[in-house]
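Labels run A, B, C and D following the written order; every chain starts at residue 1.
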Amino acid sequence: MSQSAPHPVPIRYGFLGPAGTFTEAALLSVPGAQEAERLPYESVPAALDAVRRGEVAGAVVAFENSVEGAVPATLDDLSIEEPPLHIVREILLPVEFALMGRPDTKVEDIKTVASHPHAYPQCRKWLAEHLPDARWIAASSNADAARLVSEGVHDAALAGAFAAPFYHLTVLAKDIHDVGGAVTRFVMVVPPGPAPDRTGADKTSLAVVLRDNHPGALLEILEEFAVRGVDLTRIESRPTRSRLGTYWFSIDCEGHLEDERVGEALMGLRRVAAEVRYLGSYPRADERPVEVRPGTSDEEFDEAAAWLRGLRSR
Amino acid sequence: MSQSAPHPVPIRYGFLGPAGTFTEAALLSVPGAQEAERLPYESVPAALDAVRRGEVAGAVVAFENSVEGAVPATLDDLSIEEPPLHIVREILLPVEFALMGRPDTKVEDIKTVASHPHAYPQCRKWLAEHLPDARWIAASSNADAARLVSEGVHDAALAGAFAAPFYHLTVLAKDIHDVGGAVTRFVMVVPPGPAPDRTGADKTSLAVVLRDNHPGALLEILEEFAVRGVDLTRIESRPTRSRLGTYWFSIDCEGHLEDERVGEALMGLRRVAAEVRYLGSYPRADERPVEVRPGTSDEEFDEAAAWLRGLRSR
Amino acid sequence: MSQSAPHPVPIRYGFLGPAGTFTEAALLSVPGAQEAERLPYESVPAALDAVRRGEVAGAVVAFENSVEGAVPATLDDLSIEEPPLHIVREILLPVEFALMGRPDTKVEDIKTVASHPHAYPQCRKWLAEHLPDARWIAASSNADAARLVSEGVHDAALAGAFAAPFYHLTVLAKDIHDVGGAVTRFVMVVPPGPAPDRTGADKTSLAVVLRDNHPGALLEILEEFAVRGVDLTRIESRPTRSRLGTYWFSIDCEGHLEDERVGEALMGLRRVAAEVRYLGSYPRADERPVEVRPGTSDEEFDEAAAWLRGLRSR
Amino acid sequence: MSQSAPHPVPIRYGFLGPAGTFTEAALLSVPGAQEAERLPYESVPAALDAVRRGEVAGAVVAFENSVEGAVPATLDDLSIEEPPLHIVREILLPVEFALMGRPDTKVEDIKTVASHPHAYPQCRKWLAEHLPDARWIAASSNADAARLVSEGVHDAALAGAFAAPFYHLTVLAKDIHDVGGAVTRFVMVVPPGPAPDRTGADKTSLAVVLRDNHPGALLEILEEFAVRGVDLTRIESRPTRSRLGTYWFSIDCEGHLEDERVGEALMGLRRVAAEVRYLGSYPRADERPVEVRPGTSDEEFDEAAAWLRGLRSR
């Protein structure tokens, strides 16, 4: 990938800002990102547009699980907006909030707690138990909530613990989450180019528009995967903007563009769907190798192709 | 439905507040809601808990399309939380924002525009064109943005036009939407009870947990529908909270609990899935009749059942 | 089964004659058949018509594997002719021929060997090796070949070893079969009545006419079985008599009419096929128990039905 | 095809003899066969072995519909025996028998009627009506029955009308068939070589051995066809010789080896089946063009392949 090549000048990455969001924490986990220039953007579309314009080499945005509210924005932008972009990496971060205030703030004095609206459901029970009298206040991001606390507008903020030093705040409580084990999946998005090398533990992301909405149209799409032994890891119907009740599908499947079974499934989709957008193949963050079903390995695809060539060339 | 029976005291409905949200507009379109007591709740879970506790007879919450950010909250709460609730009605509202300010505000003086973060992407292009110098500010809801404008905190708010009179604001621009034709789907949710009568143009909502994540598990689920000629109108994989990469499915299908083909499909799901939660059958808002595939009408199901009984009773 | 009830007069069974065929050997393996009156018929249709007319309580005919050439005749008659009959038992016999001659015949003197034309391919290699100079001659059945040998018309016959004593012949060679392990499957056919009791190792036979010949019509039929976890053990397309290229299907599946999964699959077929004829449920001759796939046991069907009733009766 | 090339010496074809069978009539309908040398063989395996040994350029044998009893013999030999042979042509002949006798024979004097056992069920009702007192006698083929009549052994024979002149017999009755519209399908079989050119109205024949007998194994095979829009025109399970209850499948599908959709389906079968034997692509005798489902034309396959190459070559 071009973005991982050495650069004389620092490489620049975008992310959904402001500084101190979970998204920046995700970006910082990318090799080389510590040394890179990191530009915050006010929205997912703004970050992705910056990639399209070449302002940054890539951008990290939330893809799945709704902590920052970015999921529909990311899915829709990547699947619909032009020109297309490609995912080259996924990053998983546990969803855990910290309650933070100015260094002199005591928990018992907190009257207002600010956060992005999506953080609120994750922390509602905790707040009801620990700060029953505090009022919750919306902010445009958790990091912005922290900034407003540092400016004295609110008493405390819920944000990722990594945000506290950015805003000279003190962490008053950690590991806050009403639901245990929640994880957010972020993706690094870059301009179209060669996919990262196959690792044997890869995913491929797609956007598929059905040719028509007849009964069984979705089943047809899924059979294109199933018959080649390609398992889906995520599928979401997304409403077509022009009309509720018509859908396109955001799909992640196991395997890599270079896998023969994935390639044949993609060609099948291309033929039966109205539109297929390839959104990139990239290593799974959990590094769990794909289980290849008998009859669907590259070797078996190649052997079958050689057999067919033999039949045809008699 | 019990909630539509006459009441000596006004019936009470909950909705995602505050007053003046699109959700309240959706509630007001329900027959009888104009005369009902309408209680705003600060979050989807709070509104649904009020139904569970019997505080209200029902609640209207956004289900699909992300204007108010309620979708994941609604899906997850209805599908997972106990005790179950049922959908008895769907309501479609076009997504159109109005820019509103205090009566003496002039458009050229607007420095700050507040709204829920989800309204922002819908209006970003409009703002860039018409108010290029105004700063956008997050609020916990569009209606709260309007309230803050009425209190003089911000200069203008983006909200449904119906919100303006609540807060003594003036509509400065209407029909604002970056994407045309967008619609939000709301649902009325009540405690479990008999489903609304069949109309021939019905939907049924379900939450389905796969028994295991083996390749083709989703396909198996879809075949339970397909083989009975039941078309899906929406499917979304939702991450299991305990572990990213494992999913349950939020599904809407055509037809009614009382339709034989739907009943048999439900029984099939019940047998092959780890868990199936029935979330209600209700008339389609668009009143589009279901096309019944040959071999799947109630008459054909009944005839086949009679035939089998005949074979077995010899 | 009524035909196994005690009778003051001997019960009568038909079979594809004449005496001494493999079919009579199959009949003799049926409990009670040794004491029964056994009537030979000259053809499969004649034997089945005798059952229809009540001349015999049941008849044994070959069903599968072409030793006596009876297979298409049996399939077509059972599937098409009126009134329908039911299979209540299957019988497996190894296919092994004996060379038999008159008591004074020496192998080296054999000039002519008679058999049914279908026996010939099974014994061709053996004859070429052991009787290279003998001429093969067609007979209407192997038993008739033996009869003609006993009358001095031919020198030797190929037939089941059990035929020799009927015709006062001597077995000159045994266990003749060009292909090892061949088995013929016979069925006992009776007038419609209750199926034999479930054993857990049962089969059900059907004839299915597709509603139309559209691509995927056969797949639809098979999915009716697959979605209920019912495995097929045999399927054959049979040409519709009126037009080559249109087919009906002769199908054996695992399980019993009383199994819930079989019953639901039958109802599904009844709805999507132009015609389904039930040809009986009966114990497997090999007594191999059916493997019940998770989600398809009677208990699971009953539980799902109770769940649906609960949903509907709120 | 080599067998249609000009030859200095007459080309030689084999057929299931003797002279005067329906099979020879089928052979005679092949262009060039009138001038070719035509060699009768006593059995289907003998005719096919003659092709394998190069004794004849090709052979015509019955494939479907049981008039001559050749079907299982043909299916099994082509599907199992080595080396493989290819079908290059199919020929359809109506099944109609003639009653023939020596020139001086009167119908009322007929005491015995000879035919192959398979002709008997087709003529049984006719005989019962017109010759109720005549006895039916088996022959090894209909033509052999005619020969025996010409030699004075029997009084009359049932055979194709074309057989009468061969044996100097007179046709006493024509168009005898208990079932109207019956047709036999013959095939011309040659050594492996290039398939006949595509006509757009082609068939492809295959023999497929399932990898294992798990429930749904057959469905998997059929889905390899269905997902590429390839319709089956015939499927028969054939018992594996070594063990009753295990099967291989004799399959005809629409389309030609050179069709992309057929090629991909063949490769899919090759990967998931234990064994696939290609038995030839050839024009349909009825010249009915294949309906190509949207998404499965060669152009669409090529476009999808080009698209995939584009994605991979970035």
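Operating definition for what follows: a residue touches a chain if its C-beta (ideal position, glycine included) is under 8 Å from a C-beta of that chain, and two chains touch if they have at least 3 such contacts.
All figures in this text were calculated on a predicted structure; none of them were measured in a lab.
Chemist: Count the C-beta contact pairs for C-D and for A-D, then tell me which is higher.
Modeler: Pair with more contacting C-beta pairs, C-D versus A-D: C-D.
Chemist: I'd like to verify one number: the distance from the centre of chain A to the centre of chain D, where each centre is the average of its C-alpha atoms, in whole angstrom.
Modeler: Using C-alpha averages as centres, the distance is 58 Å.
Chemist: Counting in whole Å, what is the centre-to-centre distance of chain C and chain D, each centre being its mean C-alpha position?
Modeler: Result: the chain centres lie 24 Å from each other.
Chemist: Provide the list of chain D residues touching at least two other chains, using ranges where the numbers run on.
Modeler: Residues 223, 226 of chain D each touch two or more of the other chains.
Chemist: Which two-chain combinations qualify as touching?
Modeler: A-B, A-D, B-C, C-D
Chemist: What does chain C use to touch chain B in their complex?
Modeler: 192-195, 211, 223-224, 226-228, 257-258, 263-264, 266-268, 270-272, 278, 294-296, 300-301, 303-305, 307-308, 311-312, 314
Chemist: Given the complex with chain D, which residues does chain C contribute to the contact?
Modeler: Chain C residues touching chain D: 42-45, 64-66, 69, 71-73, 92, 116-118, 120-121, 124, 136-141, 144, 179-183, 185, 215-216, 218-219, 222-223, 226, 229-237, 239, 241-245, 247, 286, 291, 293.
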